[in-house]
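In the two assemblies presented below, chain A is common to both, partnered first by chain B and then by chain C.
Let's turn to the complex of A and B:
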């Protein structure tokens, strides 16, 4: 993207496409070009640890899987000689004359997700990253451990490619440091990735790797991260609280680390390898782009956003997501991506679908009852298959198989002209089943299924024989055996396809109304965004008032006042004609499924039934009520929410507090709640700064286990230290003690540096109390969604589907998912709306034909299938027998395997289909 | 198979479409080489894997069954 002109709703974006020198419409990713390319260059995908060619595909899973030429390294492009790839390419895709093109794109909103740049640790002279071969960055370590990396996942060190027995990880390289680099922030992700690398390296090691992580504060604040940390400790990963000042290389290229222990002793230890856990920074190119586009950055160079609009830049209509707007991990980046999509689509919702085109598909002919007439198309894939497999022999063999009516060998079965011809042949020969022996169904099945549809055949009357990816490419040295295998694969596919039946794709109407459960920050934002996109929304709140926990919050980490914002939100919700707020109401019952839910609410006016197509669960969490530290026995001992409320209503006058002590991890990171509550460290620092601001002489002590002021919250921690707030670390086995001594409140804590107890007199003891879930199993059961052992709602995938449930049409946002700061709750609410709109915006949904069905004559109603179904798609009918809800079934077939009487079966993968393949195998 | 030839086991592999079958494709993209005496059957999920399939494969004469997902 070179430039954006115009304004919100009507931008012109200038897009520059760099020349690729390979025509992507012709490239079939066969890879014939690469072996003959003479230019070997450093492979940036593997962080320069190995070589690639000048014509290459960046990595095996690249989308689109098309090759490209590196113009700086290509001999033809730089010197005018060579041209090997052009000679090798079977489809004529190489174009050395390719030129840069520029085009203008008209859009209404823009989302920038330019990401981050890993910090270059060369600046740390004491670590000699550029000089010592066995000092690597964490990203290099990722590649070393990866199966697609330079050593195929074998744990070796770069200097001698031998397996290391001891590896050290050094944390905070390029983070929390203003001396070597100007990065006062925490990069958020390095503690977790270092633990992950240590655990995986131990798994890959043959000799019981000794892994040690040198850190300052262990920041495992995300969902299930603390458990991962504890498991790593149990598996033997060593955690040493120290910042390393020197690395010295030994004669055998091992590395000696000098460090100081917590009690001040100097120590040395030799490691075979050192991994630098380098942080995140904004690339210079992103800074320049932001400046050109008029997008405001913070002092840290990350894009400035507010807690209340976490994905909006200062320029209207331009949104951001991911690490460009602050260091963050994958789950939050994915949340923000959906949130940005929601924000970007919000104001454009009137135009939704206006550019969409509907494809006309001819009515499929009914082939039921006909004798199978199978057509087999054997692909040469240029020379990809044909150079190894004798495709002519395979085609001849196919003619001998039962029910085969027609066989043809194609140069490229996927090319447009072959597709047209194939459709013609199906019609002319009256074929009613098709087998294509070619690449792989994972990439090409949809294409061939379209051809079937174009020829008037049901698309499920099709199967592929994988004779390229799983045959010619992997048995290239054994052409005869590969040919025999191709015949076997074709025989198996023909045996299966002859049994296949046409399948129906059920269409479901979708009720374009939404329900949001919970009227806190997440719930209100979700309701407003849904209404903003034009959807009728029912907001259900069990209290008589909207606002939830945020009613007790004073400020956000960025210092914005929460109450005026909350009042504004509540008013907008109440004023919005598309939102019905059901206050003082609870969910009594939920029936139905994606697109068509029927929910019974119990409220002040009795029971009402609401129909809706999707639901967002945003029921929040609650503050843990401590039993420790004299809480409830002395009014001077308060939780965070109590302190905030008292500061706001004037009961607590910050000017009159002369000594305050905050105790962290009250109820968090304990055996009964083995998780970090994520927000409490920052909250204590905010309160401490508030006290210092109103009374600079106030003595404020924060007693902590690890300060987890992640990301840019680290700046608050830094400011607090600069203003004289004292931080004393405690050990979980030696917790602080709060006692009453006459009228005085005394806090005793063991100082680990002095090795002595500190006694602090306090006017106020703030308890950083945990956030706990509502553990609402009834709601979870009603919507058929899971909760984890701590009571948090469990997402479909922790990294990639952070607001979805495995159950379609139900989404989540806010504290119901896990403790999180306000801006993340807002982002999650927007993300959940974005995901919900994918359902609500379609008038009807087409479901896959590959679903389970029950032969009720064989069903005894034992209940095994509906117990094992991961999607809750099977229920009992009024006769007590199993019945499949096709709207919920994902076609996994678990029910089929579980049934002892063989009542369930899976369309497209019936027991008979698979048995036919097994029978045809040898 | 002749009795004199070196024993070459026939292996039936039942691979989940979403992971192991994809991995087998990726092995091809990466041009990894392995012996051809393995026959892959694609299943939608290892949850679909029925003990009957394993028994049927052995009855058919395979020497080993690999279920992966």
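Let's turn to the complex of A and C:
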């Protein structure tokens, strides 16, 4: 991205494409070029732990799977000699004359997701990273542990490639450190990835690896993180609270670590290998890009955003997501990505669909009742298959199989010219079933199915025989057997394909209206974004007013006042003509499925039925009501939200508080609530800073287990320490005690450094009370979505689908998912809208033809299938028998495997189809 | 943005890591043309270098 002009809605961006020296339209990723390339280069994908060639593909699963030449290392490009790859390439894809090109692109919005750069510890003496071979970064450790890494996943140390017996992880390398690297922030992800690496390394180890993690505060604040931490402790990972200052190499290349224990003793321990848990930083190139775009950065160099618009940069029309906007993990990056898509689309809805293209598909010929006429296309895949398998023999053999009408061997079945020819052949020869014996359906099935469609055939009349990945690649040493196996695979595919019937893709109309359940910050944001994109929205709130928990919040972590924002938000919702706010209303019943829900609401005016195509669940959470620390027995003991409310309405005058104590983890990280509530450490620090600001002489003590001021919240923690707030750590087995002594409120806590009890008189005891779920099982059942054991709604995939449910058309946002700060709730709301709009914006939805069906003559209504169905797609009809809702079915086949009487079957994979394949093999 | 101004129904996504890919997919699936700009030869970003991901130990690839 070289330059940008114009404004929101109408930008012109100059894009420079660097030469690749390989024509991607010709490269078929056969890999013939690489073995003959004489230039060996440090492999950046494996963090330099091994070598690659100058012509390379970054990794085997790379998208696009096209080779490229590293111009700095290529001998032909640097010295004018060689040219081997050009000679090897069977498709003539190499072009040493490739030039940089520049083009102008017109866009309405821009999203910057340039990510982060892992902190490079090589320049810092204390880590000895450049000096000692067995000191590696965590990213190098990822490559060591990966099956696709330099040692194929075998746990070895770099110096002698032997398995280490003891590994130490050092936390906060390049994080929480202003003395050496000027990164005052916490990188958010290193505690969890270090635990993960330790756990995985132990699994890979043959000798019961001793894994030790040296840390300052263990920051496992996300969903299911605390459980992961506890499990790691149980599996024997050692956690040592100390920051390491010196590493010394021993004669055998092992490493001696010197550290101080909590009670001040100096200790040493020798490890075979040391992993530096390096943090996240903004790349220099991103800083330059930001300056080119006129985007403001914070002192940490992450992009500046507000809590109320977490993906908007200061430049209208330019949005930001992922680690560029602050250190964060994958789920939050994915949430922000969808949020940025929502925000970017929000201003462009007038132009939706004007540039995007949809494919036209000709009407398929009805082949039912015809005798199968199978076409078999055997692919050579350059030399990938043909160098091992005798493809001509396989093709000849295929001609002898029943129903086979036509056989052809192609050099590259997937190339565009072969595809065109294949479509022509299907039409000319009147083929009605097709088998391609080539590579994997995972990457190529959609391509061949398109060819079938182009030829007027139903795309389900197709099967693939994987004679590459499952044959030539794995049996290269035994070409004759490989050829026989290829014949077997083709015979199996032909046996199955002859039985296949055309499948219908049911089309469903989509009601473009949306429902949002919960009128807090997440719900209101979701409703406004939906309405902003032109969708009619019903906002359901059980209280008589909007606002939710945020009504009791004073400020955000960035110091923005919440109440004025909330008032503005509520007013916008009430004024928006596309939003109907159903206040003091509850959900009574939900019928239907994605695209067509029918929900009954009970409100002050009685029951109303609302029809909508999608729903967003944003019902929030609630503050835990403590039973400990004299809560409820003394008015000076207050929770976070009570303190915020009292600070806002003036009941709590900071000037009158001379001594305040905050106790962390009240109700969190306990056996009955084994999770971290994520926001409380920061909240206590904010309250402490408020007291210090209005009354600098006030003594403020925060009693904590681990300070979890993650990401840039660390700067608040630092500020609090600078302003004299005292931090005393307590052990969960020795909790602080709050007592009344006459009129005085006394807090006793064991100080681990002094080894003595501290006795503190307090005018105010703030309890960092947990956030708990509403555990709304009724709502969950009505929408057919799951909740976990703590009552949080359970997403479809924790990493990659963080606001989706496995059930289509239903999404979530805010505290209903897990405790989180306000800006994450806003981002999730925007993300949920983005995901919902992918459904609501289409007039109709095409469902996959690969769905289950029930032969009711065999069904006895035992209920096993609807119990095991992970998508709740099977219900009981009025006769008590199973019936599949095709709109919900994902074709996983679990029901088929579960039924004793064989009533369910999967279209395209019926028992008959599968048995035919097996019989053909035997 | 003032009403009546030209609006282009396309979005540019700069960076093809996990965040960029998700943003691009959402936009393409809701009716916008997406230009993805990535400086490397393949998309995937740092996540493609990870082995497993916490807390589910799913394979990153």
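To be clear about the criterion, the second predicted complex is superposed on the first by the 918 of 922 C-alpha atoms of A that agree within 3 Å, B and C clash if a C-alpha of one lies under 4 Å from a C-alpha of the other, contacts with A are read in each partner's own complex, and residues count from 1 in each chain.
Simple rule for what comes next: a contact is a pair of C-beta atoms (placed from the backbone, for glycine too) under 8 Å apart; a residue touches a chain by one contact, two chains touch by 3 or more.
Everything numeric in this text was worked out from a predicted model, so none of it was measured.
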item	value
Contacts of A:620 with chain B and chain C, given as first, second, both or neither	neither
First (chain B), second (chain C), both or neither touched by A:148	both
Which of chain B and chain C A:61 touches, first, second, both or neither	both
First (chain B), second (chain C), both or neither touched by A:105	second
Which superposed partner A:31 touches (first chain B, second chain C, both, neither)	first
Which of chain B and chain C A:441 touches, first, second, both or neither	first
Greater residue coverage of chain A in the superposed arrangement, chain B or chain C	C
First (chain B), second (chain C), both or neither touched by A:893	first
Partner chain in contact with A:9 - chain B first, chain C second, else both or neither	second
Shared chain A surface residues [contacts with chain B and with chain C]	61, 148
Chain A-facing residues of chain B, complex	10, 12, 17, 21-22, 24-37, 39-45, 47-53, 56-57, 60-62
Partner chain B, residues of chain A touching it in the complex	29, 31, 60-61, 65, 148, 440-443, 466, 468-471, 473-478, 481-482, 484-485, 488-489, 492, 850, 868, 870, 891-894, 896-897, 906, 908-909, 911, 914-915, 917-919, 921-922
Chain C residues touching chain A - in the complex, by the definition given at the top	1, 5-24, 26-33, 35, 37, 39-58, 61
Contact set on chain A toward chain C in their complex	1, 7-11, 13, 15, 18, 20, 45, 47, 57-59, 61-64, 66, 68, 105-116, 118, 139, 142-143, 145-149, 153, 192-193, 195-196, 199-200, 222-225, 227-228, 285, 289, 316-317, 321-324, 330, 333-334, 336-338, 340-342, 344-345, 347-348, 350-357, 798-800, 834-835, 837-838, 841
